[in-house]
Each structure stands twice: as structure tokens, then as C-alpha cells.
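Heads up, there are several structures right after this.
Each of the two complexes below includes subunit A, the first together with subunit B, the second together with subunit C.
Take a look at the complex of A and B:
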């Protein structure tokens, strides 16, 4: 009989060991799943984890890893601040869209003028757009006590409608033969966020790294970071020590909104290129998983985003190689397992497993 | 005379010398064909249609000669660009990208791999190694409209629109024109879901349309959800879209528009094998077999069925064009004079409703 015993202190060892254990367990269970599908499990796991990093075409996949991870890191870093303080921004997807629309709007308005000022202006517009969209749930919460989870989530659907409206109307490419979608910003030198496409480098990648460092400093060295952590762990204590909860709500939602908006802007001006009705692919929601996978820790988030990207890219390779041809659903299941095992093994951080004898059941 | 035989001999020798080499270069390695799909291969509609045609192509050309790879559920945007690059790196000789949103990514990747051929479905951008292909679905819509106009008792036909691009607008216009021809009182209600495949939204749209009195549902979306709702509702009929959706026959599915890409895929892959591939812009309809009309079931009265089949034959033979004047635009301005036929350019960029349709194209 196995019994759970709460640890007095979360285990340091297991905090670092559980993610690794989860990856190993995912590989084992995933291998069984692939074997049950009649696929070579070793080849499948190897393709997903090894091929993008060290395989024949790693020079192409490694930069793709950065492209895929950058928006996830940017959004997840912002979300983690709020999540630590118990402020739940679930609408990053919407802030991502609005940031992209505002930033792209500035870029498209200047087309075809060339100037070094255009891209910085787009960045400001993108950040402000995401910030403003997040201010709606923030103000409603601080003024009227509404639930930020619901409001921010509902605003995602509003943002999606705006995106459709823009790609069919105001921002539609006048040279697009009536098809929806804006001009391609990636082909507009003053507006593109690409630094070097073959290296997978765009300003979003740079911004993501800066965000990781800034968040780390904020949380470990700054009073505001301490207040955020305190508000999450002991709200009453925070109240007594003079933390203004409303100001914290505005700060956390605003920051996460601005970062999501920036992620959207960098994406629309680079990897995606244009405002289209299918611009958003769920980064805002995946980032929630990434934030928790990374234990709400900036460095953890960076690693988690890279791991998620690896399973996407490796999973894609495993799908389209003729000797494997794994179904897309199996890859999704595999990604789900990873999250499941991470959360499950997380138990070991706070609890100890005890084997007891003589239990009669 | 001697000269001639000499020449003949030389040609024969050349041919002899060349043929084993030719056989070797193609016997050794298979032609690798990649397919990039926007949905799952089991969606019952668009992607399933493409995948079915792809496997038909494989059967036709033989697995000894062709190796096929595909990736399903590929999001439009940077992900699709990565998937295409990945296929090209893995040695694909020709890659079919089967969604409108893959257009720019296809062009971008094609520029990086000049030796790989690309084929983009339903777009308009070509390049030296990028062809485009699409089907004249509006021909099938004319037949649907003819059936729908006579089958509706409430005189309300519901239409589930996906994304308002010219292809979809053409379909609505064609269906409306022909429904109106057989039933002057018919009225179209259109709901846009801004998605090609979303069973939940499609089902909601179908419910809304049925609540508004529609007893015929036409869809330009890929799943069988609207047919499932029609079945639940009882006296409502619908049509299969992209794939036959025969599991809902004889009613609510009374007929269908079937995308048959197999002959095209076979011809294009064959062209790559033979080294005769060229950039083309293909737009085929019922005649060449790219658009198929699924069996019209007995739920449709015999005279209506006969009329529909007659129209199908006329379109296939090229004696009837679904957009033949006199036709006016929605705003009442003249479009086509008596007997005038719409040109492909106008059809390709169609961004207006014909007279009689209510509502605006979203923009």
C-alpha cells in the first residue's frame, strides 16, 4: 500500500528532477502508444526529439525552434507574473491579435514609405494595443469586481471578429484580387521584424530573451516582484504589508497584455507576414501551458517553450516521413501526455511516497 | 538514300544508348510526392477529398514509382512554411498545398527550392516552379440550386458560407440564380462562419438557418455537421460537400458536389516523372471530371432529378454556362446582357452578389 505524506518543505531535488522524469515517462508511454499503432517506437521518439536538434537538416530546424518558441516565451512570461499573484489572464490570444492589428495597421498606413522610424512605431503600437485590450478586464475588475478570467477570455472572440473584419475590409490588400488578407509586411523592408530569416532571428526572439532576463530580475531583485509573489502566496499578509491589490491587477494584466501584443506584432511582421483571418493559431492558449510547464519561472518558461516547440517540429517530421507517417492526433496525444506526466510527477515535489505494510483493505 | 539510313542508324543507336540510362535514372529512385493538408484526413470533406485523390494517384502510378508523404492539420502561416520546407529538404520532387491560406508560404518556399515543383490549390500566385489549380465548383452549385429551388416548401434556402472569397461568392450566386429560375419565390439566407472546417460552428449555423425557416441547407464548409443537424430536424435536406457524404443518403443528403482531384494529381506527378512539368493555371469543371455530382437520391422527385441531370450533361458538354445573361448585380446594375457568358477573369475575382440576394458580402 502506498501512502502520500506531505513534505514540510517542497523538495529541491524533485523540483528539478520532475520535468526530466516527466519527459522520460512521456517517451515510454508515447513509445507504447506508437508501438500500438504499429509504428517503430524507437524511430518515432528519435524522430521527434533527435531529428530537429542533431539530424540531417538540423541547420533548418534549429532556427525554426526559435521562431516557434519566441511568441510562446513572450506571452508566457507576461502571464506568469499574473499567475504568481493569482491574477488570471486567460485572454492572451486576444491581446496577441490586437497587438498584431495595431502594429500592422501602423506599418500598412506608411506603405510604401521607407524609414527607420516605421518599425519602432509599429512596436510601440503593438505593445500599446495589447496593453489596452488587457486594460478592459483590468479596469472592469478593479472598478466593478468582475471576473478577469471570463472577461479576458470573452474578449478573445471579440478580437477574432475584429481580425476577420480587418482582413476582409480595412486592411485588405488592394492588389489581392478580392481575396482576404493584408499586404505582406515581411516583404516590406521598413516594417519587417526579420533580422535574419535563415537563422530564425527576428526582433521577437530578441524581445523574448530580454523579457526572460527582465522578469528574472523583477521577481528576484525588485520589491514589486516580491509583492507579486506575496500576493499570490499570502493575500492577507500582502494586504497588511500595504500591497495595493488594484495596482497589482493593473500592472500584471497590463504587462501580460503588452507582451502578448508585442508577440503578435513581431509575428505578423515576420513569420506570418500578413493580417489574415487565420492569423492566430492559439499561441495565447498554448502559452498558458508553457507558463505552468516552466513552473512560472522565467528560465523554466524559456526551456518549456523550447520543449513544446521541439515536440511540434519533431512531431511534424514524424508525421510527414513515409516510414513513420504518424497521425496528427497521435502527436497531439503525445504532447498531452507530456503535460499530464509533468503535473502528475509534480506531486513528488510536495509529497513523499511511503510504502506501508499490513494495510487490510 | 545512304545518308538517310546512316541517320536512321545513328538515331537508333542514340535511342538505344539513351533508353537504359533513362530507365536507370527513374528505376533507381521513386518520385517523392508531398501533400500539405489544412484539416485532418478524416474530416469527411475537403481534406478527405484531397487525400482520397492522392491515394488514387498513388494506386494509378504504382507504389514502385511513387513515394507519397503527407502532413495533416497544418495551420496556415509560418507552420505551413516549415512543413513545406521540411518536405522539400526530405527530397520531395513535387508538393501539393491544398488550402488557400498556404498561398504565400508556398511562394516563399518555392523560391528557396527552385528544383522542387509546387502546386497550390485555389490560389492565384504562380512562379516558374509553382502552378495553381482549382475546380469550377460553381457548375455543381447550378445543379444544387436547381434541386434546392424545387425541393424547398418554405421557399427559404439556408447557405453556410465559409470565408468570403470569390470561390464562395461564385457558389452562392450560381446556386441562387438557378434556384430562382425554377422557383421565383425562393429566398436565400446566408450565414458566414469564417472557417473552412469547424463542426461546432457549422452545426450552430445550420440550426440558426433551420430556425429561420430554411428547409434546404447548402454548405461551403467541410464537415458533415450540417447534415447531422438536418437529419435531426427532420424535413430538412442538404448536400454533400467536397466528399460524397453518402452516409447521410438518401436523405438529408440528396446529392453532393465531389471534388475529384485524382486525374489532375496523376497527370501532374506523371509530368514530373517525364520531365514535362510546366507552370500551369488549371480551372476544370464537370466536363474534365474535376467536379463530380454525387448520386441524386430518390428523395428528389423524378422530374427534378431528370432536369438536374440534363443540366449536368449540358454543362459537361459545354453547351450551357451557369453564368449566362441576362443577369444583374445586386445593386441593380447590368452585368451580363442576354445570352452573354461571364468571362473567367470576372469570375475569378467575383466580389458581388447577383440581383435578388439579400444582405452584404462581409468586408
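Take a look at the complex of A and C:
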């Protein structure tokens, strides 16, 4: 019989080993799944994990990896701060949309003027937009004690409606022959977030790296980060220490909202280029998985976002490749498995498995 | 008398520590047997093995001369071994009868059970109304629920872990009368306590543990408390010395403080007033749940009140948060070590930072100086003899006594002007308790004003210059600690024994 025994201290080794174990288990279980679908499991796993990195078209896929990972990192870093403090922002998708709308709005308003000030203004507008959208659950929570999970999630659907309204109305391209969607900001030199499109580099990639470093310093070197961790681990001790829970709610929701808004702005001004009704593809929700997959640790989140975007790109190849043609649902299931195994193996950090002989009555 | 229970060469090792090694002792039928030892001496592990919570690595036990090896508590209860834990496992929102029924294998119908509870409570002089909600009960009454739950199983051996720590003197008398009655009926009791006078008054024999080994057996009636303490600690115990300095100017003033509790089962503070001079130790007694936590929160700044309801050196601080109060020299140490005074999963270094950041300048412009924090943690560990491999260890890995030394030391080493402590030596072994009390007295001798909230009256008598009692959220007029302050008088200040009579209706929670 297997018994669980609580460790005196969380295991350092397993904290780092469980994500790797989860990836291996996902490969095994995913392989079984693909085999059951009648596909070659080895080829499928190889296509997902190997092809984008080292395959013959790697030079095409690698920039995509950066483009997909950047918004995930930005959003997940912000979310992880709140998650550490026990503040659950589930509405990053909405903040991402509002950030994109505000930033794009500034850019479109200046079209076709060229100035180096336009892009910085868009960045500020994007961050502020996401921040303001996150302030709604923050103020409702601190003033009236509402649940931030529900409020932030509901606001995602409000933001989606606004997005549709904007792409069909106010922001619609006047030279777009009646098609929905705004002008393409990627083709507007003063407003684009691209640095080098062929390398997959845009300002969002740079911002994501800065966010990783800043979050790392905040959490390990700064009192604010210490208070965030303290509030999440021992709320009463945090109060005793003097942490003001309301201020923490405002800070965590505000920061995650602003980062999500920035991610939206960099995306709309680069990779997608324009405000359309299908602008958002779920980065705000996937970032939740990324945050946990990365152990709520900045460097972990960076790696997790790269892994996640690898499964997206690899999954995309596996779907389209003629020999495989994996169904999209199988790919989603595969990604779901990753989170499932991660949470399951997380147990090993705090508990050790003990084999006991015989069953006790 | 015949032998009821015996342990032979019990051994239990955990990674890095041998909790019990070659422990042998026996309990006779109808005997109250004391188990004495410092915290970490292995008492808990030993009784957990007897109660089936932990399996011994080696050694055997016998019950009525038959081999006894309970794989789990249910089997232990089936063999007639029952245990009253130090921490109650009761649901506040349920009634006494519902709580008792939850702990039984085959609970009888509700009406029958209520009758049985009433019968047992009358037989043993433990007044308890089965229909009252547990959340409304005093700590002493809650303990009675646990005891009656055990007695309904007709145990042969009743294990009691530090049962008097939450009782008023009058309630202790009631408990002792019950235990003596049980003894007369032939029930054996294994009694764990560090209160030596109690053990001398009650117990027939004592087994003394030190560092996991039996270091002796004694008849506690023939030994003095000092002798027993010496056997327990291994060296002569240092009694705190009180160096009385003339009280200085008023440091802390509380005036007509009235405060609603933060949680629904808390106690409201009602019109609390006190004034505390430099160099004074004000002892505040009272049964748990009479406003101790709320008073500490109001003084530490975790609960805010009107600005001039609390004054420090004449300055109103009622609206100030804990960090601002710390800056002014008002420090505090809450009762609950894990989760309130310290974050369980954080290291001692991080826990040092938790309350000492401002006064010890452990950060600059918000950036933490981890080296300084670690050095401060090491300073506390060194000064208060905290037994731990180092400051990197998580707080939850320390024993209760060691962590208590750390959280008290963390405040004292910051040189407070006013220190508020709640239960400073709760669940701490005799030598650690003596060290903590001495540190509090030394602090007072240096001119610090101390508010010591405690349920241990002996402790309060030892360290306080004045004494007041909390009862239902009201604070009695403080009186000087001298010979005129008898246990009898203290008991009355604390509200006497709670509900000496079996209650037949729901009495109002607040005494008139």
C-alpha cells in the first residue's frame, strides 16, 4: 500500500523536478491517447516537441515561438503576483482586450502622422486600459467584498462585446471596403510594435523579458514581494506584520491588469496588426496555466510559456501534417493533461510516498 | 493493584531525531500516572503510540497482559483507551450532543444521547447542557465535552494531555474531583502536564522522560517540585528573579476601549481601561475566549479603534497600523505561533523580517537586506537558545517551545518600550518557559512596560507587578500582586467557575 507522509519542509529537489516529471508523464499519456486514435505516437510526440525546434523548418517556427510566448509571459507574470497573494484575477483576457483597444485607439487617432512619440503613448494607453479594467474588480472587492474571480471573469465577456463593437464601428477601417476590422497598425511605422519581424522580435518580447527580471527582483529582494508571499502563505501573520490586505488587492489586480493590457497592445500593434472581432485567442486564460506550470516563479513562467507555445506550434504542425492530421481536440486534451499532471505531481513537493507492507485494518 | 498497561522498550525514530528510545513503564488499574518531561522529550510521541496514531519502530505494549498494538485510534478506543487532546476537535456551530455523536462509532438516537450526556455529566460532577452550541462555551466547558465523549466509551485508560492549561482554579478543582472519582471506580489515567504542583497533588506515580528516554520513576508526593523539575531538565532549574524597579511614567494608556470582534465567535471588548507605567508588568488572566486575542489585536494594531482609546506616551495611536506602532516602540507577540506570530512555511530569516524590518532596518527603500535579516535571526537564535540547525529552517519544522522562544525573542531583541505578549509560554517546556519569563522580567527591569496576557496563573503571579482579569470582554480593576491576592480572589475576578450548575436554559453570554 502507498501512504503519504508530510515532509517537515517542502522538498527543494521536487519543486524543480515535478514540472519535468509532469512533461514526461504528459508525453507518455499523450502517446497512449494518440495511439488509441490510430496515429503513430512516437511521430506525434516528435512532431509536437522536436519539429518546431530542430526540424527542417525550424527557422520558420522559432520566431513564432517568441511571438506566441511573449504575451503569455507578460500576462502570467502579472497573474502570478496575485496568485501568490491569494488574489485571483481570472479576467486577464478582458484586460488584454481593453489594453489593445486603448493602445490601438491612440495609434489610430494619430494616423497617418509620423512621430516617435506615438508608440510610447500607445504603450501608456494600453497599460492604463488594462489597469483600469482590473480596477473594477479591485474596487468592488475592497469596497463591497465581492468575489474578484467572478467579477474579473464576467468582465471578459463585456470586453469581448466592446471589441466586436469597436471593430465594426468606431475603429473600422474607413478604407477597408466595408470589411470589419481596423487599419493595420503593423503597416503604420510610428505605431508598430515590430522590431524585426523575421526574427519574431517585437517590443512585447522585450517587455516580457523585463517583466521576468522585475518580478524576480520584486519577489526575492523587495518588501512588497515579501508581503505578497506572506499574505498568500499566512494571512493572519501578514496582518500582524502590517500588510494592508486592500492595498495588496489593488496592487496585484492593477499590476496584472496593466501587464495584460500591455500584452494586448503589443499584440494588436504587431502580430495581429488590427482590431478585429477575432483578435483575442485565449492568451489570458492560457496564461493561468502558464503561471501554475511555472510554479508562480518568474523564471519558471518564462520556461513554461516557451513550453506552452511549443505545444501550440507543434500541435498546429501535427494537425496539418498529412501523415498525422491529429484532431484539434486531441491537441487541447494534450495541453490539459500537462496542467493535470503538474498539479498531481505537485503533491510530491510537500509529501513523500511511503510504501507500507500489508493493509492496515 | 494489578497492572493494566505496560510498555516494553518502545522506540520511535523520525528522520534526524529519535523521539522515543527504549521506553518502558507500566500503569496500574485505578492509578493516576503522570508523564513528565520537557517539550521535545517525547511525551507526545509516546502517547500517540499508545493511542494508535503512531506505530512504534520497536518494542511491545500489553494491555491487561495481552499484546496490544493498535493500528489506529479506533482500535485503541475499542480496547478501552481514550484520549483528551490539548487542542479540542469540536465544531463551533454544532451543539454539544451533535459534537459528541460525531466522535462515536455507533451514536444512539439524539434524545437518548442527550440523556446519557446529562447522566454522565451529573455522575461525574461535570456540568454540561447537551443542547448548547459549542461556540458559546468556555474553554473549560469545551474540555468537558471532550471528557464526556471519552467517558461514554467506558474507558479503562484515559489519556489527558495538559488538561488544566485552559481552566480557572475553580474549574481545575472540578476536574480533579472528577479524575479522583474515576480513579476510585478503577479507571486508570495517564496524565501529561508540566505543572509540577498539580502532579504532586493528583498523581500516584510519575514517569519522567528526557530526550526520548525514561530517566526515572518517582512517587511525586515524596518529591518536591524542584526535585521533579531537576529530574525532568537534568540540571537545577533557574527560577526567574524579579528585580523591582520603581515604576516610571505612564507608557501605555487604554481608555474605555470598546471593540466588536472580527469573527462571529470572537468576544467583544467592553469598556476596557488600563494604564501601564514603565518598568511594570501587568498580568492579565482569564479563561481562554474572554477577549484575550481581541485585546492583543487592539494593542498591536491589527484591529483599529478610535484614536485616543489607545495612547502610547500620551500620543493617540488607536488609528495606527502595526508598523507605525512598532516604530513608536509598541511591539507584540500573539498567542498562535504558527500562522499568526510566524508564517509556517517561511524560514526563520523571513520570519525575523516579518516583524523586525522597521526597527532593525532590515530593508532600505523597500529593498531587503537578506544578510542583515539572517544575522538578526541568528542573533535571536543565539540569545534565546533556539535549538535549530540554522536560520534557513522553516518555522513549522521547529518544536513549539523553540519557535516560541524565537517569536518572543524576535520582539525582545528589538528593545521595545511597550511589549504585549499573549500566552508567552503556552505549550513550552519548563526550562524554556523559565528563560522566557526571565527575559520578560529583565526587559521590565530595563524600563520596558509589559502587558502579559496568560491563562497560566502561576506564571502571572511570578512575573506580574499588577494583576487584572478578562471576563466576557471586560477587564477588572488591576490590583497589586501581593499576599492578599489569593487564588480564591483571582478565581472570582476571572468570573469564578463557569456554570457550576447544570444549565437548563441558555444563559446569556455576557455576565451582568
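Here are some notes:
The definition used in the following text is that the second predicted complex is superposed on the first by the 359 of 361 C-alpha atoms of A that agree within 3 Å, B and C clash if a C-alpha of one lies under 4 Å from a C-alpha of the other, contacts with A are read in each partner's own complex, and residues count from 1 in each chain.
Definition applied: a residue touches a chain if its C-beta (ideal position, glycine included) is under 8 Å from a C-beta of that chain, and two chains touch if they have at least 3 such contacts.
If you're wondering where the values come from, they're calculated on a predicted model, not measured in any experiment.
In the superposition on chain A, A:179 contacts subunit B only, with no contact to subunit C. When the two structures are aligned on the shared chain, A:339 is found in touch with neither subunit B nor subunit C.
Between subunit B and subunit C, the partner in contact with more residues of subunit A is B.
Residue contacts after overlaying the shared chain place A:67 against subunit B, while subunit C stays out of touching range.
Once the two complexes are overlaid on the shared chain, A:234 sits against subunit C while remaining clear of subunit B. By the touch criterion defined above, A:132 reaches neither subunit B nor subunit C. When the two complexes are laid over each other on chain A, subunit A has no residue in contact with both subunit B and subunit C. Those residues of subunit A that touch subunit C in the complex are listed here as 8-10, 221-224, 226, 229-230, 233-234, 236-242, 244, 360-361.
By the touch criterion given at the top, residues 56-57, 60-61, 64, 67-68, 164-165, 168-169, 172, 177-180, 184, 267, 271-274, 276-279, 281, 312-313, 316-317, 319-322, 325, 327-329 of subunit A touch subunit B in their complex. Within the complex formed with subunit A, the residues of subunit C that make contact are 15, 71-72, 75, 300-302, 321-323, 326, 332, 334, 336, 339-346, 350, 353-355, 357, 363, 366-368, 370, 393-394, 396-397. Against subunit A, in their complex, subunit B makes its touches with residues 34, 40, 67-73, 75-79, 81-83, 85-87, 89-90, 100-101, 104, 124, 163-166, 194, 348-351, 362-363.
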